[in-house]
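The following pair of complexes shares a single chain, subunit A, combined with subunit B in the former and subunit C in the latter.
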Partner chain A sequence: MKRLKKDNVVSFLKEMNKKEKVFCPQSVDGRDLMFMPLEEGVYTGNIGKTTISAKTVLFPQTEEILSFTEKSISKTIDASKTLLFGIRPCEMKAIQFVDQFMTRDNFIDPHYQSRREKVTTIAIACHEPPSDTCFCVDAGGMPYLENGYDVQLFDAGDYYMALSGSEHGEEILANKYFEKGDEEDKERLEEIKNKALHSQKNSPGMQKAIEILRENKPDEAFWEGLADRCINCGGCVYVCPTCTCFNVYDLPSQGGHIRCRSWDACVHAGFTRETSGHNPRPTQGSRLARRHEHKLKFDIVNFKESGCVGCGRCSDTCPVGLGAIEIIQELNAL
Partner chain B sequence: MKKEAETDLIFQPNLARIEGILPQIAEHRLFQLRFVDEDVVRAFSHAPGQFVEVTVLGVGEAPISISSPPTRPGIIEICVRKAGSVTNALFELQKGDLIALRGPFGRGFPLDLFRGQDLLLVAGGLGMAPLRSLLQAVLDDRASYGDLVLMYGARNPDDILFKYELLGLMNRTDIKYLLSVDVDEEGIWRQYIGVVTGLFERVELNPENTFCGLCGPPIMYRFVVQELLNRDIPTERIFVSLERMMQCGVGKCGHCAIGEYYCCTDGPVFKYSEISHIKEAI
Partner chain C sequence: MTNSIQEFEEAEVFFVIGSNTTEQHPMIATRVIEAVRKKNAKLIVADPREIKLAKLATLHLKHRIGSDVALLNGLMHIILEEGWEAKDFIKARTENFEQLKGIVAKYTPEKVTKITGVDRDSLRKAAEIYAKAKRSMIVYAMGITQHIAGTDNVKSCANLAMLTGHVGHPSTGVNPLRGQNNVQGACDMGALPNVYSGYQPVTDPKAKEVFAKEWGVSDLNGKVGLTLTEMIDGAERGDIKALYIMGENPLVSNPDARHVARALRKLDLLVVQDIFFTETGRLAHVVLPAASFAEKMGTYTNTERRVQLSREAIPPLEGTLPDWKIICEVCSRAGYPMNYNSPIDILDEINRVTPSYAGITYGRLKHSWGLSWPCPNEDHPGTPFLHKDKFARGAGAFDAREYIPPAEPPDEEYPFTLITGRVGFQFHTGTMTRKASILEREAPNAVLEMNPRDARRLKLIDGGTVAVESRRGEVHLPVAVTSDIPETVVFSTFHYSEKNINELTVCAIDPVAKIPEFTCAVSIRRI
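== the complex of A and B ==
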């Protein structure tokens, strides 16, 4: 185990940034906490919970996937070495979940995969919940990680305790900014973990909600009633670390055209509308049901785990109070 | 296709040339396509019911089912209705022009399972486009299958796809071809008038060994499946081809999700038993 002084974080990140692109939580205009390239915002030391997760790095809001002229087609893959510093355990879990989805059935998404292979993760465990809407423990997760990371940091006051979770993590811990800790660090770590586990108060009851959905308890009226409030802005989808639906379109470009993809959202009416005008999901209730059944029912069928990691971002963002927490509570009340 | 190649291939189409354009009914054309690269031509093989993603360069991409059978490789035929931006642009193109294709994608009709069994094919409207691939595949290897019935329901006599090609089946003894139209305003129709389920009175189906391949609008499925269940056909021998907005073709973009499935990779052809529990499927 090593230590990284909080005062040294920026120097460490700046040094890393010379070799690879560093992303970390930064403050924008003194307000929003965003996960963005180093020095595009202000690193204040507040890791918190970024408005949008690190998904933006692996699966950008818009990206070019092909370019073509009249006689040739070429694929555009732009992946460079990237360091994600300060992702939370729930985000790491979300990345592991999306990894499964993006490589399922031997259909490997080349754009996601090429970025993923070049990503180093330095996760920071949540010694206390970064916000009231955090419910990772209720969602079957933990405020710290057992695996999947390269380095995991634990907040110990004016320094972080650092564990490596991979060979590459070992290499990072060899950096001069990581100093040797003392004998008591191990004990301190257990204390932090234990405190973290018991500090989360929010438990909307996801397991029960999963059961209720599995038993097909909610009817059309349940969803339509809730959907009366939904303004189908798509905010819940965009901030979700496991939502990866996208729309594909062509645009004119110098000397030809490019094909792009952008985030799309299943709560939009046009998401399933076919060219004929027929829409297999014709009501807002059916779309709201889809969004939540996808995470809490169908992902369990396909991946044996829920697609909701309990980060609470949808509940933070939804202007009408229809995030996962509220939906889970409504399901529990059935 | 080779598994190791799929990483590179999934979003990248290959150039193909329009080798022929055969007009069909109003607003429908049959495009005959061939990949420019002969290696790609040789590597391409499909099952009836599978689809390709068709790119009109600079306009976009649309999923279109393959109308030609795997028994006639080389030329890929797609029957297209002029409906959206991509198909409108496709209708502007001429013989010799280049487009691009990805695929084939999805799960088609299981010919291996059908061999040696009786087959009932039921098409409604443009559903004849993918079903033609299955029909021709069976006819090209006729001895390998049992009794063959084709029921095709169109809106009116002017809306029958592959009309003359299918007329040729009327005189064959190795296929029972039943045709219906919903309405006949001009009074010229000499065959059945009414919905396609009305044709069931004219056939005997053996529930022991009949497989069914259905392709048409959702409303047709509701009634035809009921007819089949009334005749004791097991739900796992009823195959339906579902239509959804399949953008990426490889189960990633999410538009075509149906319950726990993705229409583009788990379908578009499903056993009825696989989807009967999903409310939004049909």
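== the complex of A and C ==
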């Protein structure tokens, strides 16, 4: 275990930035906190909870996937060495979830995978919930990580305690900015972990909601009632760290065309509408049902864990209270 | 809007009339929805269609199309009869109350039910809910204004608010929702035939002098110009020889599209300035390619009168210029050298000649989320809600209006009433939104919404094609059968130039505002 003084974080990141692209939570002029390339003077040390998760780095909102002319076609791979600094445990869990999805049945998404392979993760455990809508513990997670990270930092006031979780992590901890701690650090770490576990007050009851969905309790009226207030903006999907659905389209480009993909959302009617015009999810209620059943029911069947990590971003974003927290509460009230 | 958007959160009652808020102003709708859900605010929706907001309403008044004045007068009649009016407010802050009393006295519940189709109990309930709450808000949009009685409708909304004292305080007022990000700003800047910026009349010698001095000219023409609908008519008559259209696609958005096409073809010169090559642009002699919002800096004034700074995110594409630069170039070549260095220069000028914008300076906008006018000086915080202690004109003048029927009621030959509107995923004539794949996928084509009973009568199934015919044209559309629309009324959208519903609509105009009615009578046959 090592220590990284908070005063040294910027110097450390600047040094890392020479070799790889560093992304960390930053906010421009007091606007939304986002994962952005490190910019001196913008990074304030506030890790908080970004409005959109770190998935923007691994799976950008819009990306070119291939280019073609009448005669040729070539895959577009745009990946470079990247350091993700300041991702939260729930996001790391989400990345692990997406890793499974993007490589399922040996069908590997080359664009995601090429970026993923080049990403180093420095997670920061939540010694207290970054926002009121955090419910990772209720969602079966923890405010710190057991595995999956390269480096995990724990906030100990003026400094972070640093653990490595991989070989690459070991190399990072060898950096001069990481200093040796003292004998009591181990104890201190347990104390922080324990405090973190008990500091989360928000527990909407996800396990019970999963049971209720498994029993097929919610009927059409339940979902249509909720849908009456849905404005169909797709915000819940776009901010979700485990949502990876996309739409593909072609655009003209110099001398040929490029094929791009952009985030899509299952709450939109056209997402499931078939060419004939038939839509297996014909109403907004049925689409809301699909979304939440997917996360809390079918993901468990497919991946043995729910697709909701309890980050609460959808509840932060939805203007009419239809985020995961509210849906779980509504399900619990059935 | 007399209120600011945030004030919606604290309103106790919403009276939404002629606004499909969820589809057209979703971020305002969310505040209504949340106030209803979390704070038990009451919601009255007056709309012939069961719009999405109606599903959450305490009370849905399905009044007949074009019967708004009768409905509003009817509510005022009940309020006066029950003594629910704000007596102190009327005495202290209004005038011409006797005129109002005289007219609304005639709008008895019996008469109003006959005109509007709304039953007596619902009328009474709506009047009671609206009048008795402390913070009631009227919310309206084009469903109020786009009528030959549009001005009367707006006046009746204002009468209702004044009668109950529901204006001049936070979270209570009259809130017309502006449909575009800067339509308020365009009006504020004098993009109207009769005023300079800040609604200073062109006929006022003092205002004329201010602007002549600012622009370094000896005199300015004090004649009131023409409105859009009058210009099109003038072009068809041959009185108008040249039109310069910026960021508008009247060939698709104006009523009676064939008439518009005829008129535009008669012009000696048609100039169209837009970011995309529009249907109107195809008829132009000169097309001036403009830069989009992301490629320029400037300010927008939104529906709550808030002026906000917008910055250039990317430089203009090759061959395009920001609108302000195009205008400067055209003016300079026409013999009036116009030499602004940047939009900041233009804002400085706006500050000098527009009293309500005097304090909305670049320096302040740069470091804020914007300022709402009136903002008379740099120390002024801006004005979230209007008419606090007195109205702009002093006393609020009641001006009750009589109901007049729509211009083109259905008859034997054309038995359906066609209303037009928009859906949330497309904007206006689709110039921009139809180029975004996911938006286009959500709403790819025009449909004709029809009540199941009408569909059965015409032997139509959902998705079947019909010919919709009015006195002006014929359009073929697939039918979408829905009980959200009343019998003998059909609805379609005007986003799709290939099925231009405005070839059917009527250009009957309000005598004051010259706004067209659109709503017209049509016949429908299966094909």
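Here, the second predicted complex is superposed on the first by the 332 of 334 C-alpha atoms of A that agree within 3 Å, B and C clash if a C-alpha of one lies under 4 Å from a C-alpha of the other, contacts with A are read in each partner's own complex, and residues count from 1 in each chain.
In the analysis below, a residue touches a chain if its C-beta (ideal position, glycine included) is under 8 Å from a C-beta of that chain, and two chains touch if they have at least 3 such contacts.
Here the structure is a predicted model, which is why all the values come from computation and not from measurement.
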item	value
Partners on subunit A (subunit B, subunit C) - clash or fit	fit
Which of subunit B and subunit C A:Asp228 touches, first, second, both or neither	second
Partner chain(s) touched by A:Glu146 [first = subunit B, second = subunit C, both, neither]	neither
Partner chain in contact with A:Lys71 - subunit B first, subunit C second, else both or neither	first
Partner chain(s) touched by A:Ser262 [first = subunit B, second = subunit C, both, neither]	second
Which partner reaches more residues of subunit A (counting touched residues only), subunit B or subunit C	B
First, second, both or neither for A:Asp158, with subunit B first and subunit C second	neither
Which superposed partner A:Gly321 touches (first subunit B, second subunit C, both, neither)	second
Contacts of A:Asn106 with subunit B and subunit C, given as first, second, both or neither	first
For subunit A as apex, the angle formed with subunit B and subunit C - C-alpha centres, to the nearest 10 degrees	80
Which of subunit B and subunit C A:Phe246 touches, first, second, both or neither	first
Lowest C-alpha to C-alpha distance for subunit C against subunit B (Å)	11
Those residues of subunit A which subunit B touches in one complex and subunit C touches in the other	247, 249, 264, 273
Subunit C contact footprint on subunit A (complex, rising order)	228-229, 231-233, 247, 249, 262, 264, 268-270, 273, 277, 319-321
Of subunit B, residues touching subunit A in the complex	3, 6-8, 10-15, 57-62, 83-84, 87, 98, 100, 218, 243-245, 247-248, 250-260, 265, 280
Complex contacts: residues of subunit C adjacent to subunit A	22, 26-27, 29-31, 33-34, 37-38, 52, 55-56, 424, 437-438, 441-442, 444, 463
Residue ranges of subunit A in contact with subunit B within the complex	65-66, 68, 70-73, 75, 101-102, 104-111, 113, 244-250, 252, 256-257, 259, 261, 264, 266, 271-276, 278, 280-281, 286, 290, 294, 297-298, 301-302
